[in-house]
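When the chains are written out, they are named A, B, C and D in that same order, and each has its own residue count from 1.
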């Protein structure tokens, strides 16, 4: 039973256990929960499976965990954005599962929505559908894709109210609301915590039932790169 | 104008005003420079309808396009999460996707996500766009950096989709997919048919109108 | 207190503070009267988390619950479309659904959407809630209006789901689903075991603790 | 090519043709496009298949079209809210397809999202899964459900900007944003049309690419029932 969801990054990150599957929001570093990832670099959970569009950039965001050899596997759509990923993959130190970005997003939504699988035309007839079940529906071939779920999700939002309702900022929204729905335990890093009632009920993107803990961000992405906020 | 700019301008001419356009990385991004920004709506798969260019002083690091480059926000723009964004793409709500390519072949297949022998570690939204957009325009240099044709008999690189690209635009010519094959409908600049022939291993037909005109 | 109110109050006692609750039509709706409104979050499948009661003068015809009755909006409430609402339900994000029933049987099956011989023309969210909520509490009169048992050996009405209801609360008793069968864990008011027995055709076990207490 | 989407109900409703499949928003009369339905009662398209949660109420909303014998089939989750539906059904004058409400919503979303089908646990083992394909996924049985699509969608929103972006009002949102994504031609009835730029890009629920025409509402639901607005 959680009443006060407001948490300290270093404490709440201990929810992540060795062997866990983690969802981590962000398109590259945009909308990436940088403070939570930093806390994770100081916590000892290893053998992690990361569900994230990218593995951050070289030495930044999730790229830090890669350098620490904490990742067993990464599931995403575009690992090219971190040039070190290929090296780890080729040396057999990191497993990769590549999905088209739309399939990746939809699979996370399906995980949160109790959907057992869905059929998409994306990737049919390509190497990324190899070995996957297909089905002819109304004369067209579709490939069956499975939902993605995680033990813990680390997401980044713009503002949270004290109940845990979230809103997002511009294209930093990306995968975050989806991941907030698809993990057993959801930690949201936000730039600002406001009193309940301060977010309009019509504009809330992630209702509070999805959010277990809220952490105020310390690291943010600016034009100068990742920096500590003045708080 | 560079040859890339000429390709982009030609692609822009194919577009119907007030349509919803998704621009890929590279030459496709340049297409925006030839569009009336009030008459076209640019979609980017990371979650924005209403992409504009942005002045250096207004750059917001949290407002980027699918190539992770800073962009601006048009009046009447909207933001959405990735599943909603790809619902637009896969669901057929994007009028045109303009994409680059490594290879395009006689059957209309496009290869633009992986190179044999190199690690296959990134695909992004390429497969979804190629399957879902109502119309596909490929903009690319006619030959690869090493001079080998990119418009080939059959893709030797892994294909991105089994769906045909509707229009192929290079610095040499414009090809339209018609009745199960590509038709060369327009020569770019002072290119002649022989230039195209020498740099292409794909099968294509030269349009009657073009042959007529050249007679 | 009416017997319906006693059932609703007992259901309210089963709830853990700060949980997310979906209340069905009928007796379940009354449960809200026994909850601290700041400590429970009520979800309604037509698209609102944060349902409250509403004073007559504040009724908004465009703000209703799943029974199409006017409701109010709690502080910190949010609205969402129906697919998002049922994602919450089917995806296991609702802690408890409290539902009415036409029949419940020895195997834990619930029938609450159709009556044989009558037209099957409405189901609403019943099947989704029964499949998706983490915990199911059924609140119902112990017998039908004609006096026949509702807690039966095997449902003769079409079942709503193959998932067992966790708790069954009637004006006579409380039953908990444990190890593949219902256990009578509590008698309501001055009911005795014989009253329950005479009005029930379902198989159930009487809990050891209760037998102990009654000795 | 549509530039000005603002339309007159009586004109734009002629997009609906005899034999068409129509999506109509609303949970009962809440969020129902009453002005467009009224216009449809004065237009001659018949043999309509209606995809709507209910067939309105007796003689109200879609219930008007039922009395005019304009409906061939209704697809929804709760027809009980119009007591006349059973009569038409029993006399063989109306076909019905009943879906659980969550499956109904998800099928409309799937129709708009290019999903060929999805697996849900809802209805497994019940009469509503009879004859439907099932599949064992990770030890659990799921039923395959197909997407729903329509020729025309009639939806109701609160405000539109002149581009066609929509926001909704409280529980009048319900099925409307989903239906706006799943039809070839989408007509939105709204209470207010504002200039573009007057809706926050973060709060827009239905982006303009989904909307073909906008009509200002004339009929609204009040505490006194359906009435004409003072404009």
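Simple rule for what comes next: a residue touches a chain if its C-beta (ideal position, glycine included) is under 8 Å from a C-beta of that chain, and two chains touch if they have at least 3 such contacts.
These numbers come from a predicted model, not from an experiment.
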{"item": "Chain-contact steps, minimal, separating subunit C from subunit B", "value": "2"}
{"item": "Taking each chain's C-alpha mean as its centre, the one farthest from subunit B", "value": "C"}
{"item": "Whole-Å gap separating subunit B and subunit D, where each centre is the average of the chain's CA atoms", "value": "35"}
{"item": "Distance from subunit B to subunit A - Cα centre to Cα centre, in angstrom", "value": "29"}
{"item": "Rounded Å distance between subunit A and subunit D, as computed from the means of their C-alpha atoms", "value": "33"}
{"item": "Residues of subunit A whose C-beta touches two or more other chains", "value": "106, 109, 113-115, 120-121, 168-170, 201-202"}
{"item": "Two or more partner chains touched - positions in subunit C", "value": "73, 79-80, 83, 86-87, 89-90, 131-132"}
{"item": "Arrangement of touching chains [line / ring / star / complete / other]", "value": "other"}
{"item": "All touching chain pairs, where touch follows the definition stated at the start", "value": "A-B, A-C, A-D, B-D, C-D"}
{"item": "Subunit D-facing residues of subunit C, complex", "value": "44-48, 59-64, 68, 73, 79-83, 85-87, 89-90, 114, 119-128, 131-132, 158-162"}
{"item": "Subunit D partner contacts - residues on subunit A that touch it in the complex", "value": "106, 110, 113-121, 135, 137-138, 140, 142, 146, 167-170, 200-203"}
{"item": "Complex contacts: residues of subunit A adjacent to subunit C", "value": "1-3, 109, 111-115, 161-163, 165, 181-182, 196-197, 199, 201-202, 204, 207-210"}
{"item": "Footprint of subunit B on subunit A - complex, ascending", "value": "27-28, 30-31, 53, 77-81, 85-86, 89-90, 96, 98-106, 108-109, 120-128, 168-178, 205, 221-223"}
{"item": "Interface residues, subunit B side, partner subunit D - complex", "value": "16-20, 41, 43, 49-50, 73, 75-80, 83, 86-94, 131-132"}
